[in-house]
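All remarks here apply to the structure that follows.
The first chain written gets the first letter, and so on, giving A, B, C, D, E and F; residue counts start at 1 in each chain.
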Amino acid sequence: MRPNKVKALWRAGKPALVGWMSLADTFAAETMAHSGFDALVLDMQHGMGIGPDRAATWLQAVSATETVPIVRVPWNEPAYVQWVLDAGAYGVIIPLVGTREEAVKAAGACRYAPLGYRSVGPNRARYYAGADYLQHANEEIICLVMIEDIKAIDRLDQIASVPGVDGLYIGPWDLAMTMGIDPATYAKNAQHAAACNKVLEAAKRHKLVPGTHVNSPEEALQRFQQGFLFAPVTSDTRNLSTGSAAALNLVRAGLGK
Amino acid sequence: MRPNKVKALWRAGKPALVGWMSLADTFAAETMAHSGFDALVLDMQHGMGIGPDRAATWLQAVSATETVPIVRVPWNEPAYVQWVLDAGAYGVIIPLVGTREEAVKAAGACRYAPLGYRSVGPNRARYYAGADYLQHANEEIICLVMIEDIKAIDRLDQIASVPGVDGLYIGPWDLAMTMGIDPATYAKNAQHAAACNKVLEAAKRHKLVPGTHVNSPEEALQRFQQGFLFAPVTSDTRNLSTGSAAALNLVRAGLGK
Amino acid sequence: MRPNKVKALWRAGKPALVGWMSLADTFAAETMAHSGFDALVLDMQHGMGIGPDRAATWLQAVSATETVPIVRVPWNEPAYVQWVLDAGAYGVIIPLVGTREEAVKAAGACRYAPLGYRSVGPNRARYYAGADYLQHANEEIICLVMIEDIKAIDRLDQIASVPGVDGLYIGPWDLAMTMGIDPATYAKNAQHAAACNKVLEAAKRHKLVPGTHVNSPEEALQRFQQGFLFAPVTSDTRNLSTGSAAALNLVRAGLGK
Amino acid sequence: MRPNKVKALWRAGKPALVGWMSLADTFAAETMAHSGFDALVLDMQHGMGIGPDRAATWLQAVSATETVPIVRVPWNEPAYVQWVLDAGAYGVIIPLVGTREEAVKAAGACRYAPLGYRSVGPNRARYYAGADYLQHANEEIICLVMIEDIKAIDRLDQIASVPGVDGLYIGPWDLAMTMGIDPATYAKNAQHAAACNKVLEAAKRHKLVPGTHVNSPEEALQRFQQGFLFAPVTSDTRNLSTGSAAALNLVRAGLGK
Amino acid sequence: MRPNKVKALWRAGKPALVGWMSLADTFAAETMAHSGFDALVLDMQHGMGIGPDRAATWLQAVSATETVPIVRVPWNEPAYVQWVLDAGAYGVIIPLVGTREEAVKAAGACRYAPLGYRSVGPNRARYYAGADYLQHANEEIICLVMIEDIKAIDRLDQIASVPGVDGLYIGPWDLAMTMGIDPATYAKNAQHAAACNKVLEAAKRHKLVPGTHVNSPEEALQRFQQGFLFAPVTSDTRNLSTGSAAALNLVRAGLGK
Amino acid sequence: MRPNKVKALWRAGKPALVGWMSLADTFAAETMAHSGFDALVLDMQHGMGIGPDRAATWLQAVSATETVPIVRVPWNEPAYVQWVLDAGAYGVIIPLVGTREEAVKAAGACRYAPLGYRSVGPNRARYYAGADYLQHANEEIICLVMIEDIKAIDRLDQIASVPGVDGLYIGPWDLAMTMGIDPATYAKNAQHAAACNKVLEAAKRHKLVPGTHVNSPEEALQRFQQGFLFAPVTSDTRNLSTGSAAALNLVRAGLGK
């Protein structure tokens, strides 16, 4: 089976530098996949209604590169996990995991029996990964569960100890909302920082990967320096917006507008 | 945030005249959206297998007009609600809500914490609604739950009192089926009429919007006169069929066929 | 080969009552195809950018019915004709044929050697038509050329005498534009009527089918009564608009708005 | 209502010879549907991420033939069943049914009240089946539940006795996984064979149809001879791979490579 | 008719700051369209095989904003021009116009009779532009022809004097190729600069808009300062690549990699 | 630039064993691309209306393998050649080249100046081929022109001597039609064989690659033995049909049907 480069980085204690994608467009995928990220995450949860069909062609587009394809599924439901793993995703991020039961459901969807309840049929995955996929998938496929509710912070050990979970991924905006904090201000909020720190510590304690969503390359760097091992350094839509604004500003300034 | 014209109509005690769509086609969407409806509803539940990808492009097509885009999701599952709200729907109709628990699940999917459990990420919605979407969405987004089982009629107060529910929308065909009534005859059935009336009364009692599916403009008018505030006055496929039949009849009659 | 019902009607001297489609949506296609038209025309020329891929799925959708599928191609170029015929269209309408050379180009694209230069490969057409497609296609497939420039009116005999042309189809709007007439007023213009009459006469003279675009069922009826044998009695977008307007008017009037 | 040919075969005690499809491509669908199968199954569960939109166009493509269209849904969730039945599927295969509760959930999604909880709205199904669909659908639509966990083998009577279930369909690979057997070797495993035999017997006992997934035409034949009445004799991707390999081998051998 | 903001800028002697798009993705389109450009150009000529269907949905996505939608068609063929104009493009860029005949062909495809030979049918354009589209389109729609062959430089007056041409748009890479210059070095080549200057002068002489493709915001600014009035200040794929590289560099530098 | 394996085979005097595809489906593409062919040809000319959008995603799907992607374009028009080459095709087959002028048009569309008139913009091709694409494309990209009209047989030297043409590809069905031969019988026709032989000889004389379409692996082998260096050994739709028939026959025979 083609080794999962992100898992290899983590085994070496190194962070994975990730590109985040809200566009399912396959040419955008190739453009991002040729940009040097360790992995790309396609976000099926938020934005422009991405279903399994477009996720699958996105996975094909990324397949011709060395960038590891990961998908954030729309919900903690096994059908979504199954779709993207069978189509060749090398990892999933599963939102809204707040209890041990939800973690068991999430992890089980990623693992074949006897570890979990994933159904056998990696039809496209075998093209990407190799004919021995079935033998190694339980080991190589990444399962990150999202911690994004303040109530989950109290259950971190119950969640983190579920076999098959590879890491904890913070959703800082939702976490803020459940704490009554304006999400636009979370970065300056001590309580929020404390909650995130608990996730980082729990991950370390359980030998899991600590990851977190961020809003800028600067925040990603800071998180990596803090010990997080998985974070998006930028996203496709951020690149489109900031690149356009910078170009327009440069030209307008030059023209004296 | 762009105001929700349908909510404004309701606040003024006025009915919303709705166009129903079973076609996800974006040009059909624009044609309907330029026809003068207060709102359009895309029906993801029944018909031609409409997933989130086509729902999202439908929402884009409607966005250039003043017609309010609403989606009937395929099932009372939060992933579907999340997909269409993040893609810019200004309301959802959620089928098969028969208990208080189901109403809590439905309403919660539409509302951000602390009112509900909607996850933050209105990526496309912000383009449609404006940058302050997060501040006003809980107030402006419509959540209608469907009453379409005779067993639900006995639990109307439990359902209608759930915070975050904006209205009760009758599914008269399914309601008839659960009452053992041939749905083709519901309009003449007194028991069915009585059940519908209970929904209307419950909605008024709880200051919710009463709505109902209908089969013709005439029935819509009658329902509005009865006090309902939300009903489709026609649908795309109805227009296609009846318009074609009328044209063929006119020509065939003229030709003596 | 499945017989072409439209050609059979014409052989019997009867008009074909056609539905016009600007939507490539396959569910719209089925809805229209179940409405009783003799044929449907998909318009690839004007509107919502319909390429060969969507034309092909439209042809599949119509195939399960008895309605004859015809396509107006975007331009008098053989690639478009080839695409839709190989995908199972039973006829094409070819725009902007103004000279004998253009008619030879148009007709040749529809006919196999030695009559024309259509390349062999009716891969999907064979599923629709039957295994003996190649033996009968030159006879059964319809080729209508559009007369829509006042300059073409003087060359009607040169155009109509080209072997392989089955009929002349008037484009009244473009014809009006080339005559300096506001197209919105063509129906009341005597010069325009005279030009159309010349097309009708030329078609009869050459034993071809006279056809014309129209704007309403009433105009279609009038044209059939005048001797035309092919005209759209309504269209999908017309049905959507007029059906919506009628429903809204009925309800608004009833509500006293 | 158009009769369900597969059910007719079963009533006559005859097996249904099925083609399995992992491609949602509509031209592949037509090619397979013209190949002589009694039925085709589109597999939404495994492979290339097939959502409801592509399932619906696949159903349209098959509709022009006599081949019965069946869909394996991605999960035992009613939304998927509803989507494909409303779009015209004449049967569903529902994965991972291991308890009576799961069987009730599965069967109920396929049946209108009072037998089940399917919601009324067979918009496209009516085009395929006829206007009287609602009267006969509960009888004509096929519901197969998958037995693919060793724990389900002990509950066969509880599952098979659920009203509305038409047959038991074995998933031999997943079954092997849950038994700790390498799925590549199941065909030679006596315990696995015994478990499959229990399913066959339970089906007979409850007058249900026994079906099973297989890996080759030879295995299908053997299963039919054993008494199974539903099995895929080949699949689209198998045809592509083995046909390509055979052609390459023939040519390479001839060329002395 | 909705006024063409780009033409208004030009009438005021001001440059149009353009965003270039190689992605047909509709969410990318909205993201770019909300970034402040005066216009966006969708490039159907080079890259990821964009046909009329995706161009049309791209046009819908841009329609909800104030950004003017323009399309570079794949070739100087009227079918492409017709497709995108009827679908609502407010301008086209037509490649490879090297002779007066080619300019007449290009300009004629953009203009209704008697100015040109555009066929009437702005079905979607009317939704975007308004009901009076036909009265004003010849005036408001932009037609830019590309000068990208050294042989065209000698025929600038013949090309620029064709009625209906609004501007000359330089393709510097192709121009370099035809001059035997490595296109990567054109910016430093005096002969190339001289050729571009001739285009600028010819445009001024004929009161046309001078435009040019560029490779960076800096080059765009320089061109605007030189007198050009139309140039892309950045592109979607440039934004994706450079934004990703910048983010990765920032993080890697911070991590000491 | 990634070397073109097919050209390397030819330089070594070896035939290229090709898989032919009429399905644009990207999963079918991967399945075929993993089957061991030297190259795959996507046929845009005949069948299911494949436009540039689906050709581009097909090219992406094949890109993750070592199989060389080639496209038969729908017509001898440069726009089609440009679309597929810019999207990463490593060769094109151009239909209906019957004169020197047509060969010049075809070859020129494949070559950058000064050899031809291909416009610069290999946006996706660079991802597949490498950053130095522009330097080597004229050499590595394959241009095959189709000889499929008896009139072309007399002009073989004029066609074959056009710079930039890499090979002559016989269309035996169309060739038969133009000779008045039933195409189903061409394989037994001496005149047809003589014409094909002239193409083989002309190719050798001009140091071009002789290729031909065939109907079976056996015919491909025979052609390779005859000296042809490019032929499809099977196709996707052939595999689907013959594989299905063989499986059904095996099972039916076993069941005594």
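Everything that follows uses one rule, which is that a residue touches a chain if its C-beta (ideal position, glycine included) is under 8 Å from a C-beta of that chain, and two chains touch if they have at least 3 such contacts.
Remember, predicted model here, so these are calculated numbers, not experimental data.
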For chain B and chain C, chains touching each: D, E
Labels of chains that are neighbours to chain B and to chain E: A, C
Distance-maximising chain from chain F - centres being C-alpha averages: B
Same vs different contact residues, chain A with chain B, by half of numbers used: different
From the options A-B, B-C or B-E, the pair that copies C-F, where over half of the contact pairs coincide: A-B
Most distant chain from chain A by Cα centroid: C
Chain pair with more C-beta contacts, D-F versus C-E: D-F
Averaged-CA centre spacing for the pair chain E and chain A, given as whole angstrom: 38
Centroid distance [mean C-alpha coordinates] between chain D and chain C, Å: 42
Chain A: positions in contact with at least two other chains: 22, 24, 26-27, 31, 34, 47-48, 51, 53-54, 56, 77, 123-124, 237
Contact graph of the chains (line, ring, star, complete, other): other
Chains that touch, pairwise: A-B, A-D, A-E, A-F, B-C, B-D, B-E, C-D, C-E, C-F, D-F, E-F
Residue numbers on chain A that touch chain B, as the complex places them: 22, 24, 43, 45-51, 53-54, 74-75, 77, 80, 95-96, 148, 171, 173-174, 177-178, 180, 183, 237
Sites on chain E touched by chain C in the complex: 51-56, 59, 77-79, 82-84, 86-87, 112-114, 117, 119-124, 134
List of chain B residues in touch with chain E within their complex: 26-27, 30-31, 34, 56-57, 60-61, 63-64, 123-124, 127-128
Residue numbers on chain E that touch chain A, as the complex places them: 15, 17, 19, 22-28, 31-32, 34-37, 47-48, 217-218, 220-221, 224-225, 233-234, 236-248, 250-252, 254-255
